[in-house]
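For reference, the structures are reproduced in the following blocks.
In what comes next, chain A is part of two complexes: it sits with chain B in the first one and with chain C in the second one.
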Partner chain A sequence: MTRTPKRVAMLAALLALVLFVAACGSSSSDDKGGSVKSSAGQKIPQGKQGGELTVLSAGDVDYMDPGQMYYTFGYMIGYSVNRALYSFKPDNAEKPVPDIAASDPQISADKKTITIKIKQGIKFSPPVNREITTKDIKYAMERVFSANVPNPYATGYFGTIQGAPKAPAKGIPDISGIQTPDDQTLVIKLTQPKAATVAAALVMPLTMPVPPEYAKKFDAKNPSTYNQNVVFTGPYMVKNDASGKLTGWKPAKSIELVRNPNWDKSTDYRPAYLDKIHIDEGNADATVASRRILNGSALVQGDGAPPAPVLKQAATRFKNQLVLVPAGGTRYVAMNTKIKPFDNVNVRKAVVAIFDRNAMRLTRGGPIVGDLAWRYIPPGIPGFDEAGGLNVPDDPKFDFLKNPAGDPAVAKKYMLAAKQDGVPVTADGKYAGKEKLLMIGTNADPGKKSAQVAENQFEKLGFNLNFRIVTQDALYTKFCGVPKANVAICPNVGFFKDFVDPESFINPTFNGEAILPANNTNWPQLDDKAINKAIDDAAILAPGAERSKAFAKIDQDITLLAPAVPWLWDKTPLIESKDVQGVADNYSTVWHLSFTSLK
Partner chain B sequence: MSTGAPELLQEAGSAPAAGSEAAAIAARSPVQLFWRRLKQDRVALVALAFIVVLIVVAVFAPLIVKLVGARPPNEQSTRFFDEFGSPSGPSGDKLLGVDDLGRDVFSRVLYGARVSLEVAFIATALIVVIGVVIGMVAGYYRGWVDTALSRSMDVMLAFPVLLLALGLGGACSLGNGCIPVNYNRVGVVIIIFALLGMAFSLVRLIVGNRRAKGDADPLERRDYTARIIPWGVVLVIGLVVELILPARTPGIITPGLPVVIFVIAFAGWPYMARIIRGQVLSIREKEFVEAARSLGASDSRILFRHILPNIVAPIIVYTTLLIPTNILFEAALSFLGIGVQPPTASWGSMIADATGIFDTAWWFMTFPGLALLLTVLSFNLIGDGLQDALNPRTSQ
Partner chain C sequence: MATYIVRRLLWMIVLLLVISFLTFLIFQKLPSADPVSLRAGRNATPELRASIKHTFGLDKPFFEQYRIYLAKLVPFDFHKGFKPPDFGYSYQNNVSVKSQILDRLPATAGLSLGGVVVWLLIGIPVGIISAIRRGKLSDRLAMGGALVAISAPVYWLGLVMLYLFSNDIGRIKIFEGAGSYPNTGSLFSDPFSVAPSLFLPWIVLATAFAAIYARFLRGNLLEVMAEDYIRTARAKGLRERTVIFRHGVRSAITPIVTILGLDLGILLGGAILTETVFNIPGIGRLAFDSIQKSDLPTVQGTVIMGAFFIIALNLIVDVLYAFLDPRVRY
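== the complex of A and B ==
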């Protein structure tokens, strides 16, 4: 065959391919009836006993060791297999209930002592098999101050305990401020009157008990190998062998959860309907995994939200399989207040004014994924309503936040005000400086899209950007979390609740004293003396109206300094198969495996 | 009885007609023959026309976008989204629809042609220069030179190029790039190298000419300029680098197209070098090379004046076939997130961005994919056509 007929055949095949591809494309028949469910105010349904559920996840848990786990997916598993002193029922993420504790923590009048009584009859899983005591909780809290058990928040939330080391200690320190006068009583003594904050933080996994006689040999190694040998107190456990080694955890592949034979239902509020839970990891393609869940059987999502196109399908055609959970977090675009011209508050206000926050939200799926943010304390956290709720007040000092689609006239006003301060600005209100400002975004969607939209917003005001996209962890560990990197703009930052208290949103993110040389979370590097003092003063107030009001005022004051462009108060979408009766955990914003059942 | 054409016939004893003989026996030049054969290949001509149109489109992209009334390629807009942020497809005011940031796909496809052609042509040029030089040296000199260069080629061919690309892309896409260069030092090195080369060549020439005095081939005397001029060029380059370029740059491999071009050139030169080496191995044994050598021609003269002209045809053909490979390679690297940084439009990055929403926004992937397909196909067809036109025996 000569070349010409071959070529004609190739061209014909190409044409056919084009026509085939063009003919493809789904036409969705949208069901516009009804609305998507929200987990806020949900009633916990009665479930059916038995069955096996599969959780699809992209990645693995960060840790199985409760002393080290920090990320949401780890919490999804961790709070099903272990119990903390306090935890949240799925229908109320604002008020924790006693879990291992028998009652609410008692706080002394000087706010420096917390006393907790624990329940009797709660046992460790095999191979330890005995009843827990307060000594196990004391050990659990002490081990996280060791260099062998790197915990990301121990010093931050529990550093005020008397005797708590300031730096990671060699071996397991004996902390004098954690006392166990008897097997059921735990006393925590503080160096500062911060009992309210410490008590609120007792929901964290580091209060999950660890048996010292079993764990010490693992914790003697650096890093500790307890992570592969955890024992459990929850309704479920990871399959293990007689020595305690976790045989049911194949890192990056799967986790098998089975019933904990030593779990006593009468000591726990969890119903634990399912017999088995299989976590299937490595589902990196979120679109494929999400479609499997929606169209399959006995499946729920683990980590990661469904991408926007699948979310649209879920919201229009699979409404009953989608739940939106208020995430208790705020996303924002941080401007480095130490780098010109963002050291000028008028320039920052101009940026906030020009920003199309609607466009930012559309990158994640539109109004369904959350409310437009204009401050930093999110819905569901004390202080949110006091600071103004969802809507921007009519007060003229908030004019730069009024228009979520961006307001060029207000932006120009603030840029011309900045010109009076010596900032190079053109007559039409654009930035006239020639330098290229470094902006680092993430390479993972939808964050990558959000970063590109953010870049576009800055360019509207005439800024020249050196825009780079990097991996998610490099974004924090090499750039935005490292002040020395001199990143001018970090478009993909945000803060989500560790526990339900406004201080956790304001202190690490906007207190000048919280700026760290590495792992810094005060991304704008805001260091305003008045704000710093106000945060320190509010931190010692007891939980209640006064504390909420104080932090609400600080939230507003920070907003008026415009260190960032807040743009979203998230709602996390959770999807399930049609034969699953999922119950969302409003605290961790994941499916609550101890309440979920099969229909 | 004669069977010749009347104008070639002549009466016995009569003189031939003035001018007719010369016209009758004029042969066609190689270029004419080449063009005649190429013209017969309609498919190759169509492909060539497409490439010409593509180049024109790439060069005049801003004008075309303006004329058609499309939006600039990086202009974002939420006007064409639904409430979930899903983009809308082709319609009257947006020829090829919009992408997931509301940017006009038509504009971005046009501007994407610039990236593809720029990378393809520059990277191909580098591959050809490096590959041809190394291939010729390896094929001509044989011995340990050939061994060293051929083994280097083998190592490079066995190298996991995609991993290299990912690694370089990851390392050089952060901050200001990698391999920072102190141009002052580089300039000094180049100047010293040029002066030494000049001195060495002069000494060789003087000694050689003295030995051959009287019997010296005049050609050899003219070689003074042929020998010195190249070193002079190198000297000028060194002076430019030393005096004009900045003392220190962030990195010679900077984020964006330089990373892609470097990776493609680094990965591609061994293929060209191997082919050229093979060609040179056969040509160096031919009689005309032997004759040139026996007349005292230098190695560089033989290489560039005798051997290179005889391998131009395969170089041209292979270059044409290399271009589409490099276009695809650039698209693959952009697809993997290395190379062109957002918001620069590149067909590969557009296809990558479209994969997650292909079933709901088919236009976003289809049109850049189609452009890529047609471009690669056209270059392949032109390469085939050139091969047939330059060496008709291969098509029989």
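== the complex of A and C ==
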């Protein structure tokens, strides 16, 4: 009997505690005004000199070595500490500006020679300390053809240089097609009239100069150890010791960027306001990291995007701390055109027609994360507007793309057309085949959610699926990127730009000649002779209206073959603390550390 | 005793060899992803892939690869004599695996040892009090709380703690939050600046263990307190406190030593979840990152290190047992 009042008292105390915690005041950072900013067309603000910024990232850079660096987060650091021949100002990701180069590349009439003049007065950081010459750029471009410095895009973008080895060479090859008549002049000679593509690719990090007298001893090892001993030409550098060893880089832990004492502001368009930048890695929980940024001080996001719930919160309560950057990429659900029934174009069109692309976009956060895609060349890449822009044309050829919520009637129409081709289809337009089609999705959200939505869409048309989820790396390296794995559906694939040229987008993803036995990015394995030829013909056109129109037509033709379900033209959300004046880099879709400052 | 220790040390070597072989087999034959493809990047040519495969030594037969690996790992060379073990180089960043493990060991050790202290300070008194006050409200509350603590997933608990108590995103801003662990220095070299960033991780790590130890000790102590010699001690007129602590707890606590050794050994191999949620750059996080990226040399290194700690601490605990319990002889 005496226990009852005690129990009631305890329950009351517990309830009070819960209410107390729930009633604790909301964040004082509520931001009620303004709309979410887009970096498209942004004006670069004047910043305040000084201060220290912290970047929160989950992972590490892939490499510090510009000859091997290839991923977005590596670019965020790489383009702050090193300068390529050409690069992009943060407000214009379409037209590169001369960086180490003094002017635009001169292309010969036969499109086989590119001549570049470089600026004077640009120096390497300690311990090299001398002015760069074109021999440093020649060495930088040659070393990536060595087996000791594996570079994934060297052969693809620069393989047409005269003398460029077809396979990784032993030692550093002397490439006859890269010539340095004097210290300020670089001449690149090609075996094919592909100067337009090669010139566009000169923004890539492999054109960042490397001093041969310093780097040769590192490059003699296999793999090269230059990665731990890089020297720099940008406004910042990774802290190093007297021998050049990068003491400021603790792999997967942190990176310390300090000012490069040899950087000459008069040779550079970057203002470099900050005195120090600290990159804090290993922030694996994106929700925690995002909240720290939004509620904290002098913090910005590195790699990765805020998860959908935090993004929603940021878009309502922290509008002034969120910027959306057109990512220059397209996400799609690839169907393997070599596997029945996806070898039939009507079946593929039916799948596209039934697909609820709105639901797919919701898995990543809804309309704020990008526009619904209906083709493959994304906004910002030449050819996008010419191919029709954001909206599906009224042409009946594109009826299967008209309804982003899915159109069962149109889907049924195409399935019944497939039935005429001998595909087993029921009278009500559902697939009647009994086999289980292998679908491989990623195990990490939001990709996992997107894959689950995709599974539902296929099941609406009667497909039986063997749906497996694996890590993102396994998805690309063991399944979707390996044709022999015979994966029928890859729901989590997409392609993002290397540089601003439609060929770099369309060729590796839809040219049948680009299908590889591993690391393949033509995930649908589309191999249409007419498309292949059209791509090869358009590749030799000079940059301009004709080239853009040609690739726009190819984009539409690929779309009409329906090798995939395009569903998102991404906008990358970037978040910052409220005392940061962040400037987004529209090229690499990260914060531009050389333009960002503290308020 | 000496013979026993020597025998156990020899078994340790055999076990480590077996573990190294099994790990090698699993990650070679069933990798989470293809390390060559990861290293080569998208659109890599077959020639580039072949070159990378050769650089990694992955084009050699399986047993040849294992022989080469073992020759570097074993700290003895027939020509050169004793040499430091070499765990190889990371496929991802070409940094020595040994240097990465040694660099991260202080963080894991600080987290684990601190956690041990916290859970012993909580678990043992709670277990004793629960046993003494069996059936009373304090016993029920303690055991109920222990059940909740054991059931709460570590990762979830860590996030809840951050959202409640961290000084950046928490509601009640008391403790240092995720990411506050410094990238240089450790609990052993700089305790006053590092310890505050470990308070929350210690609490999170210790919660489930304290609960397990409390329940375990309570059960043992109840069993021991029913023994005849306890009745005899009381009959001799000893104070209850003396009966409980000198006779009861002394017997009941010896099994705790065994499981403590095992738990500490496991934690020294890396408290993956706690390190991940609080962003502590320890061995657990290194292991997790390397598994994700199919970085075989680093995976092997962390597994062998973890196995070494478990086996070594198991041995230490067994030897200690002989001192604690005179009946135990080897």
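Just so it is clear, the second predicted complex is superposed on the first by the 565 of 599 C-alpha atoms of A that agree within 3 Å, B and C clash if a C-alpha of one lies under 4 Å from a C-alpha of the other, contacts with A are read in each partner's own complex, and residues count from 1 in each chain.
Assume contacts are C-beta pairs under 8 Å (C-beta built on N, C-alpha and C of every residue); 3 or more make two chains touch, one makes a residue touch a chain.
These numbers come from a predicted model, not from an experiment.
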If you stack the two complexes on chain A, which partner ends up touching A:A514: first (chain B), second (chain C), both, or neither? second
Which partner does A:P424 contact after superposing on A: first (chain B), second (chain C), both, neither? neither
First, second, both or neither for A:N358, with chain B first and chain C second: first
Is A:N456 contacted by the first partner chain B, the second partner chain C, both or neither? first
Between chain B (first) and chain C (second), which, if any, makes contact with A:N295: first, second, both or neither? second
So, does A:D445 touch the first partner chain B, the second partner chain C, both, or neither? first
Examine A:P408 and indicate which partner it touches, taking first as chain B and second as chain C; both and neither are also allowed. neither
Answer with first, second, both or neither: which of chain B and chain C does A:P126 touch in the superposed model? neither
Give one of first, second, both or neither to describe whether A:G433 is in contact with chain B, with chain C, with both, or with none. neither
Give me the intersection of chain A's contacts with chain B and its contacts with chain C, in residue numbers. 21, 24, 287, 470, 474, 478
Show me the residue ranges of chain B that touch chain A in the complex, using the header's touch definition. 41-43, 74, 76, 78, 81-86, 100-102, 173-175, 255, 337, 341-343, 356-357, 359-362, 366, 369-370, 373-374, 377, 381, 384, 388, 395
In their shared complex, chain B is touched by residues of chain A numbered 2-4, 7-8, 10-11, 14, 18, 21-22, 24-26, 28, 287, 307-309, 311-312, 315, 356, 358-359, 361-368, 443, 445, 448-449, 452-453, 455-456, 467-470, 474, 478
Give every residue of chain C touching chain A within the complex, in rising order. 31-34, 36-52, 54-55, 90, 92-95, 100, 103, 137, 159, 162, 164, 168-169, 171-172, 177-179, 183, 276-277, 279, 281, 285-286, 289, 292-294
Residue numbers of chain A touching chain C in their complex, please. 6, 21, 24, 56, 59-60, 62-63, 70, 147, 150-153, 155-156, 166-168, 222-223, 225, 227-228, 250-254, 280, 282-285, 287-289, 291-292, 295-296, 470-471, 473-474, 476-478, 481, 508, 514, 516-519, 521
